[in-house]
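Take this structure first; my questions come after.
Just so it is clear, A, B, C and D label the chains in written order, and each chain counts residues from 1 on its own.
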Amino acid sequence: MPETPVAAPASRTVVHHVRVEFGDCDPARIVWFPNYFRWIDAASQHFFTTCGVPPWHELEKTTGILGTPLVDTQARFVKTASYGDLLQIEARVSAWRRSSFTQSYRVLRAQPDGTGAPDLIMECEEVRIFAAHRDGDDRAIRAVPIPESIRALCT
Amino acid sequence: MPETPVAAPASRTVVHHVRVEFGDCDPARIVWFPNYFRWIDAASQHFFTTCGVPPWHELEKTTGILGTPLVDTQARFVKTASYGDLLQIEARVSAWRRSSFTQSYRVLRAQPDGTGAPDLIMECEEVRIFAAHRDGDDRAIRAVPIPESIRALCT
Amino acid sequence: MPETPVAAPASRTVVHHVRVEFGDCDPARIVWFPNYFRWIDAASQHFFTTCGVPPWHELEKTTGILGTPLVDTQARFVKTASYGDLLQIEARVSAWRRSSFTQSYRVLRAQPDGTGAPDLIMECEEVRIFAAHRDGDDRAIRAVPIPESIRALCT
Amino acid sequence: MPETPVAAPASRTVVHHVRVEFGDCDPARIVWFPNYFRWIDAASQHFFTTCGVPPWHELEKTTGILGTPLVDTQARFVKTASYGDLLQIEARVSAWRRSSFTQSYRVLRAQPDGTGAPDLIMECEEVRIFAAHRDGDDRAIRAVPIPESIRALCT
C-alpha cells in the first residue's frame, strides 16, 4: 500500500453486538477462530450502514460498487470466548487513502456482573478497498477511488 | 512473542486441496474471506496429521493437548477466487519456539490449462500455541510446552 | 419415533432475532440455505436458556447432558431473504416424548414499514434428543430420558 | 408440490467426498449439523457439473438461471460423525417435474479398515427449482421451467 494515509484523529466508532452460539465453538469449547472474521465482516458493514452509506446492492446501481473486499488483515487473539458470551465489536476507519482504507476493530466482552473494564478478546486491523466488477467479467473485481460522499458520511 | 525463534530452514511442506463451492462465495461472486481461514485451519491440521501427529482427541488422552489455537494471524489477499476453482494450500511450520510456533501458508490456483505458474491467491502467517484446558475450567485454555516428539515429526 | 407424543397445547414460544449479513448470501444474492439451520440451532438454544435451562456445559456437570442433537428435520422455504433483512425466529416445543421432543420454528420478516403481517420466510420442524457421551467414547453420543425439571421449565 | 413427478428409475448417482474437519465439530465433538447442509449443497452442484451442466454463472448468460434454490428439505440423522472421518455423499435426482425436481442424498462413512458395509450417517431429500431473478429485482427469484437439455444430461 504505497498510498499516503490521511490521519483520522476523531474517527467515528460504531459498536456491533454478537452473542456467541454453541455452534460457533469447536471441540475445545472455545470460539472457532474463523467465526471472528465472520463477525468482523458484519461489524464492517454495520459501520457503513450506521454511518448512512446505502447497502451495497443500492450503491451498485449508482456507482458500480459491490462491496469492500479485504486486501490485508492482521489479528491478535488475546482471550478466548465461549458460548453464551456477549461480545461488543468496536469498528472504525483509522485511515483513508485514495482507493483503500484501514478499518480497525476491538472485540470486547463485558464482565458477567456488568462492572469493571471489559475483557479484550481480540483486535484486528484490515486494509480494504471499494470494489467494482472488471469490465466483462462478473467474477473478477477492481478497486475504485473512494467516493468523497462515503468518506464524508463516515468521519 | 519474546521467545527466540529457531529457524526451520528445510521446513516440510504439506499441500491441502480445496474446491471452491457456490456457497463459499458472496453476492460479489467471489470467495467470502472468512472461508479462507476455514480452509487454512483445515490445512494446519492436515499438516500435523500428515506428519504423523495423532488427532487431537487421541493426543488429549496422553498429553492434555486439545489443539493449536491461534494467537496472531496476518494475511494478504492477492487475487480473488470463485466457485469451481481448485485451490492448493501449502502449509509449513516456519519457526518453532518453546510454547508457540509460526505456521505459514500459500493459497495457489493452478492455471485452467494446467500449464504455467499457478496464481497466488493469498498468503498467511500465523502464531499458534499447543493448548490444554486450565485446571477446573473446561472452557478456558493455557499454552503447554511443545512436545519434542511433535516437533521431531514435523521437521 | 415410535414413542407417543404428549400434546403441548399452550406451548411457550420464544423469539430469536437475526440480522441477515452480506456474507450470509450467495452469488444469487439470497441467503445461502445452510445459514437458516445455523440460525435455527441458535433459536433452539435460546429457547432453552430463555426458559431457564442452564447452558449445556453446566448441565453436563450435573446430568451428563451435552446438548440436543438433531434426529430429523423438515423445512419448507417460502420466500427468500437477503442482507439487511431483520428476521424473527419463533421457537417452541410442540411435542415431548420420553427421550425425544419436537421443536417447531417459523422464520418471519417484518414489513419494512413496520405495518401489516410479517412475511413467512421458512418454517421448520425438528426431532431432537437430549444426549450424553457413550461410556468410554467422547466422540459418540446416546439419548438420555428428558429430565422432568427441564420439561417443566419449558412449558 | 402439485406437479406429477416423473419416475427416474435408473437415476444417475454422483459421489462427492468430504473430510470432516476439527472446525466442523461442536463442543459435543460431533459434526455441527448445519455443516451437513453445506456439504449436501456442494454435492448437489457437483452432481450437475459432473453430468456436464455448465456452472451457474455461464448458464446465467444464456438462460438467466442463477442456481437451484431449495424449496423443501427433509433429513434424517442416523449416526454421528467426527473430525478425521471421510464421508461419501451420493447424490441423484429422484424425480423431475416441470419446474421443480427432487434430489436425494445418502451420506456414508466407510469402515476404518476398508471392509464391510459403510455406515449410513444421514440421508436427505430435497425439492429444488431452477431459478432466475425476477424482472427489476436482483435480490428476488422466480422458478423457470427446467430446460430439457439439462434434464437430458442428468439422466
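Definition applied: a contact is a pair of C-beta atoms (placed from the backbone, for glycine too) under 8 Å apart; a residue touches a chain by one contact, two chains touch by 3 or more.
Source: prediction; values computed, not measured.
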Taking CA centroids for every chain, report which one is farthest away from chain D.
A
What's the distance between the Cα centroids of chain A and chain B, rounded to whole Å?
23
Taking each chain's centre as the mean position of its Cα atoms, how many Å separate chain A from chain C?
29
What whole-number Å value describes the gap between the mean CA coordinates of chain A and chain D?
33
In chain A, residues with contacts to at least two other chains
22-23, 26-27, 29, 32, 34, 38, 41, 56-57, 67, 82-83, 138-139
Linking chains that touch, what shape results: line, ring, star, complete or other?
complete
Flag every residue of chain C that touches chain A in the complex, lowest number first.
19, 21-23, 29, 38, 41-42, 45, 49, 55-57, 67, 82-84
Within their complex, state which residues of chain A touch chain B.
26-30, 32-35, 37-38, 41, 56-57, 66-67, 69-77, 80, 82, 131, 133, 138-141
Would you mind writing out the residues of chain C in touch with chain B in their complex?
22-23, 25-27, 29, 32, 34, 57, 83, 138-139
